[in-house]
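In order of appearance the chains are A, B, C and D, and numbering begins at 1 in each one.
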Amino acid sequence: MIVVMKPGAKKEDILKVSERLVELGFKTHPIYGQEKTVIGAIGDKKALSAEAIINLPGVEKIVPIMKPYKLVSRELKETPTIIRIGGVPVGGHGLCIMAGPCAVENEEQLLLTAQAIKASGAHILRGGAFKPRTSPYAFQGLEEEGLKMLARVGEQVGLPIVTEVVDTRDVELVAEYADALQIGARNMQNFRLLREAGAAGKPVLLKRGLAATIEEWLMSAEYILDSGNPNVILCERGIRTFETATRFTLDLTAVVVVKENSHLPVIVDPSHGTGNWRLVLPMARASVAAGADGLLIEVHPDPARALCDGPQSLHPENFDRLMGELSPVALAVGRDLAPASFRETAPSPGEAARLKREAM
Amino acid sequence: MIVVMKPGAKKEDILKVSERLVELGFKTHPIYGQEKTVIGAIGDKKALSAEAIINLPGVEKIVPIMKPYKLVSRELKETPTIIRIGGVPVGGHGLCIMAGPCAVENEEQLLLTAQAIKASGAHILRGGAFKPRTSPYAFQGLEEEGLKMLARVGEQVGLPIVTEVVDTRDVELVAEYADALQIGARNMQNFRLLREAGAAGKPVLLKRGLAATIEEWLMSAEYILDSGNPNVILCERGIRTFETATRFTLDLTAVVVVKENSHLPVIVDPSHGTGNWRLVLPMARASVAAGADGLLIEVHPDPARALCDGPQSLHPENFDRLMGELSPVALAVGRDLAPASFRETAPSPGEAARLKREAM
Amino acid sequence: MIVVMKPGAKKEDILKVSERLVELGFKTHPIYGQEKTVIGAIGDKKALSAEAIINLPGVEKIVPIMKPYKLVSRELKETPTIIRIGGVPVGGHGLCIMAGPCAVENEEQLLLTAQAIKASGAHILRGGAFKPRTSPYAFQGLEEEGLKMLARVGEQVGLPIVTEVVDTRDVELVAEYADALQIGARNMQNFRLLREAGAAGKPVLLKRGLAATIEEWLMSAEYILDSGNPNVILCERGIRTFETATRFTLDLTAVVVVKENSHLPVIVDPSHGTGNWRLVLPMARASVAAGADGLLIEVHPDPARALCDGPQSLHPENFDRLMGELSPVALAVGRDLAPASFRETAPSPGEAARLKREAM
Amino acid sequence: MIVVMKPGAKKEDILKVSERLVELGFKTHPIYGQEKTVIGAIGDKKALSAEAIINLPGVEKIVPIMKPYKLVSRELKETPTIIRIGGVPVGGHGLCIMAGPCAVENEEQLLLTAQAIKASGAHILRGGAFKPRTSPYAFQGLEEEGLKMLARVGEQVGLPIVTEVVDTRDVELVAEYADALQIGARNMQNFRLLREAGAAGKPVLLKRGLAATIEEWLMSAEYILDSGNPNVILCERGIRTFETATRFTLDLTAVVVVKENSHLPVIVDPSHGTGNWRLVLPMARASVAAGADGLLIEVHPDPARALCDGPQSLHPENFDRLMGELSPVALAVGRDLAPASFRETAPSPGEAARLKREAM
């Protein structure tokens, strides 16, 4: 941590700040410039509670030097983590494609979609049973009934399932049926839900909040790892900006920044990220070219009648076209869309505990 | 709802869209321009599920005409709603000042703060027992122990208390101790929490999400009213923008826009809105001048040692100065900071039910 | 244009609005809903001056139906426009790669860079002689001396050159030396400069403003086309958002949205878009996969000593690697990086005049 | 400047960075932490060209310590600067109210407006002769004819005038007629225009760019002071955010932040800042309560027929009401709206030169 003193800071102010830093367990190293003094403070572990010293007289600003996350960082673990959802690896050589309807509406709709995406080469079935909706008057999901449909259809078609959980009270229930739990963008900083999902033992798909910095997103993943669950997949799904031509602004550079700073896999949701099915295909290609480990795509057998997110849902025919166009791009960047079963083996089970031990 | 067709839309496309609109219960009124056809669709109640018709051939865009909220709107209830927190009115002639520490740290800290703010003229004590923190390694609050301290100190000093709830499982517990429940910015679209808080019977202080539009904020309030609780106070606390000189960008215009569109009271939190105690005083004055019904201010007896949000907490002396400077501004806009007990009487108890009946 | 009346609008208000619309040359079509009346107004040409009728009593909002741009739109010209910079086509089958230093520093630096990028397969040399810098104390460019170096080096190495113009008074001078004029992000709404550049007869590379919507960007291109110059290339270079991990947020979806709405070619500048040379390569790949017609890349022979934008400049070796990795991605999306001379022929010269005639 | 090295940085990397810093004229002070080394570099004057050392092996990030502006800073000049526009002081005890139409349309409109605002107590007449418009098809202003009308009407009514200049070629012309030159938001980083306006000898009203940080805004003011003109008035006019309920988001906290960091006066334009005349009055009150030195307000005798910005223009009656409501708020914060002539005397003329000498 670096404490920058104001130009006119008095000697006694500088002394007082140093004393407080020592009291908090830091070693201090003042550097006297012509106009300003800065104090280097070594021993950043308590930095989180040290921000309050900005209130001491003469302090201009505080600059943290250490990253606030540990368990998710590349500095802790250099090799990329591969996570398995019902046997399907995410984060290795192969790309993982998750697809399905925004909301589970009925078993027929779900089955039709699942069969279609399986035929096109998708690896995982997604579908919402608990739907967080902006309006209290919109369709809120089939809840447990929807979970059961997901489990039945997943088994019938042979696809693991991922579905969203929105309430700490439902985590256990959802974990019973799902192969992976999704935490939605609006819950990215619902810290209790992160802890519960972390404790449930299933892989967690953590979407980026729509106004979350990359650092905050990684801090939310840190909550899950800190709860004993190393299996977190990050999902970029667009951030909120001034641009209104698209529903959100898909931040593909975030994929690269996350992979530089973290060992966790990152996928992209171009359906929410654009809000418009015509934009999904090119942005899916761009996501893979940027280095994403997979995609989350909304597919509906009749988008014009979808109860949720129709405008951004692909018809199965267009999803099939997407898979076709994706394959050469994957190969061009040294990845593939091959059947999941031919891929890498899972990480050893004790890794969570070890990672945590090492980080502390 | 207005459906705008593309310039080259064929007659059969226009016909198909009209048919679907009729099928959804709308009456249609096509207007044929030189280049484009637009179809007016009357009967907007199902508009929420109609957005998917954007997928029909020839449709360019859909423009909603009706506001998506009902119960919170001025169109339903013209007169401003006055809400009582433990007897203190919010939304009437007098301004309501809520103050206290970000986090309850111990009983001494809380008591000192409560006595100081009471002496300066504050009306309600705030303090966090459950703290949503970006980092899993930061102080997370004293939980139930903190609630008990709040209740004891509030009673001792004679101030109603407001405190945050972050988990559906805690709503009942928090409602036992608190006079009002706070829903934080990061939970503004935690819809389950909104419903639980709505059902708990205590007034709800709903903070604006840091990337929430005013419309989305009102929709979240609508969730609470739709759960049977008409006592919602909105709180502007800064939005996230590109500016880094302040923690957030306080959007004071939102106060006026909300009051134009809704009958609910609106207060402002300049502590979070700026992130810097030196900016709190002028922005508190500006909030009142803009028309806010009250303020939420962080006060700590020793900000440089606060466990949470020290940089934006006022020392009691500075809070006292704030109250002194606020009074003439309140008078200048026809409001006052007079003792709460001399103010307006509460709304009749059956209002919630009636409002809801009328809205449907 | 659709005029939405307030719920309580009186008959005389509706009448008055209709009268004003007729007076402005519109035909009116009122639609009476249960709660609101909307008035469809046909004849949108004067819509720009009609926004003021929002001030008439009873008017709630005005919804434009027509797009505000004509000459740049796909609706006017369906086929993509191919533009030639010194013989090199932009917008056709082949991708156009422009590269070079942020600022021309001296002839040796420029020549080294030009030779290196040419050897790696770049098609156009970029370099700044007039530099718009945030600080008045930063290097502002070599001005005319820099232009001369660009011209000499371009000819020597056999690459057309593109360089920025920042002042209406310099347009003629820059056009003398450059094969294309660049309008920078900070000048995207310097409308006088747009008109002068439009009149200079050379192709114009128009960067997106850092807070410009896609529609505003196209409107700025419309200024240039309206000045008689149909040769505009759009360049996405990142927008300003709350994210601080990157210098800007590269909005690759904008490439697809622009291509849907306009016939003009679009390239991407991942150097400014990310601000970090390590992010340039993956985002260059993603740009091509999204459908960009080319790239603008900063290359410097010694980035650690660059006078401008060093952190985002590629060393020639890394640029060479970029070109190598780009080629398979280009092929995967049906494009190539082949020598420019084997590509499409130029558009017929009279197109500008014809386009403008048709649009009016 | 602080250079933060990566956790795994080698000794030779640290040595190389130190050598480069010394070569650039810095004194270096390395601090060795457990995980990271940081190097304090004293002598920040060349910091601007030092950012490129981020490219050296082992460097993680660079943290500037010194502010990039000098002449505009409070550190250089502690007392607030008072600037005179045609004899009217801006920045002293009294508030300066500038009002008038967005665009000069004809002499009658201008005269009516000028007489009305003068009668209501405004101090300066504003009006646009050169209009930067998003669309090439919108009214672009009366140009020199408009300047002449402004000068005539200003003299007739007895109000100094401020008007925008948009092209370096027009600076001399506009300076002939106007008492102060306005630089619009879209030209805030048109650095050539800043320099020309700085050299013209008249006070400059510098609007904040719609995506400009406060620091960038101050850097643009620095350009003008560096050109020898100390008379710069800053004007907050709203920034671009995700919120669509208002045209821009008025950032009133910026007023306080600027006044903390700079000695220059700051005014607010709530007309552009909100885009809606009904929001202008409350936000004008809030601006004054926040500490603004004045206001810029759009007034039009018939807003529903205005050629430009009608939706945000006040009718003279509403402007009169605004002035009436503003007065008590001004008094409440220790300011007033009294006639300008009773106010402070101007700063001594040689101040510009002295300021610049001292800063270097």
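Quick note on the criterion: contacts are C-beta pairs under 8 Å (C-beta built on N, C-alpha and C of every residue); 3 or more make two chains touch, one makes a residue touch a chain.
Fair warning: this is a prediction, and the values are worked out from it, not measured in the lab.
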item	value
Centroid comparison with chain A (C-alpha atoms), farthest chain	D
Inter-centroid spacing, chain B versus chain A (mean Cα positions, whole Å)	27
Centre distance in Å when chain A and chain C are each reduced to the mean of their C-alpha atoms	32
Distance between the centres, which are taken as Cα means, of chain C and chain B, whole angstrom	40
Where chain A touches two or more other chains at once, by residue number	211, 240-242, 244
Topology of the chain contact graph, where touching chains are joined (line, ring, star, complete, other)	complete
Chain D residues within the chain C interface of the complex	20, 48-49, 51-56, 68, 132-139, 166-169, 186-187, 189-192, 209-211, 216, 219, 222-223, 226, 240, 277, 303-307, 310-311, 313
For the chain D and chain A complex, residues of the former touching the latter	2, 4, 7, 29, 31, 33-36, 38, 40, 42-44, 63, 65-66, 75, 240-242, 244
Chain D partner contacts - residues on chain B that touch it in the complex	211, 213-215, 239, 241-246, 249-257, 260, 273-274, 278-279, 282-283, 285-291, 325, 328-329, 331-333
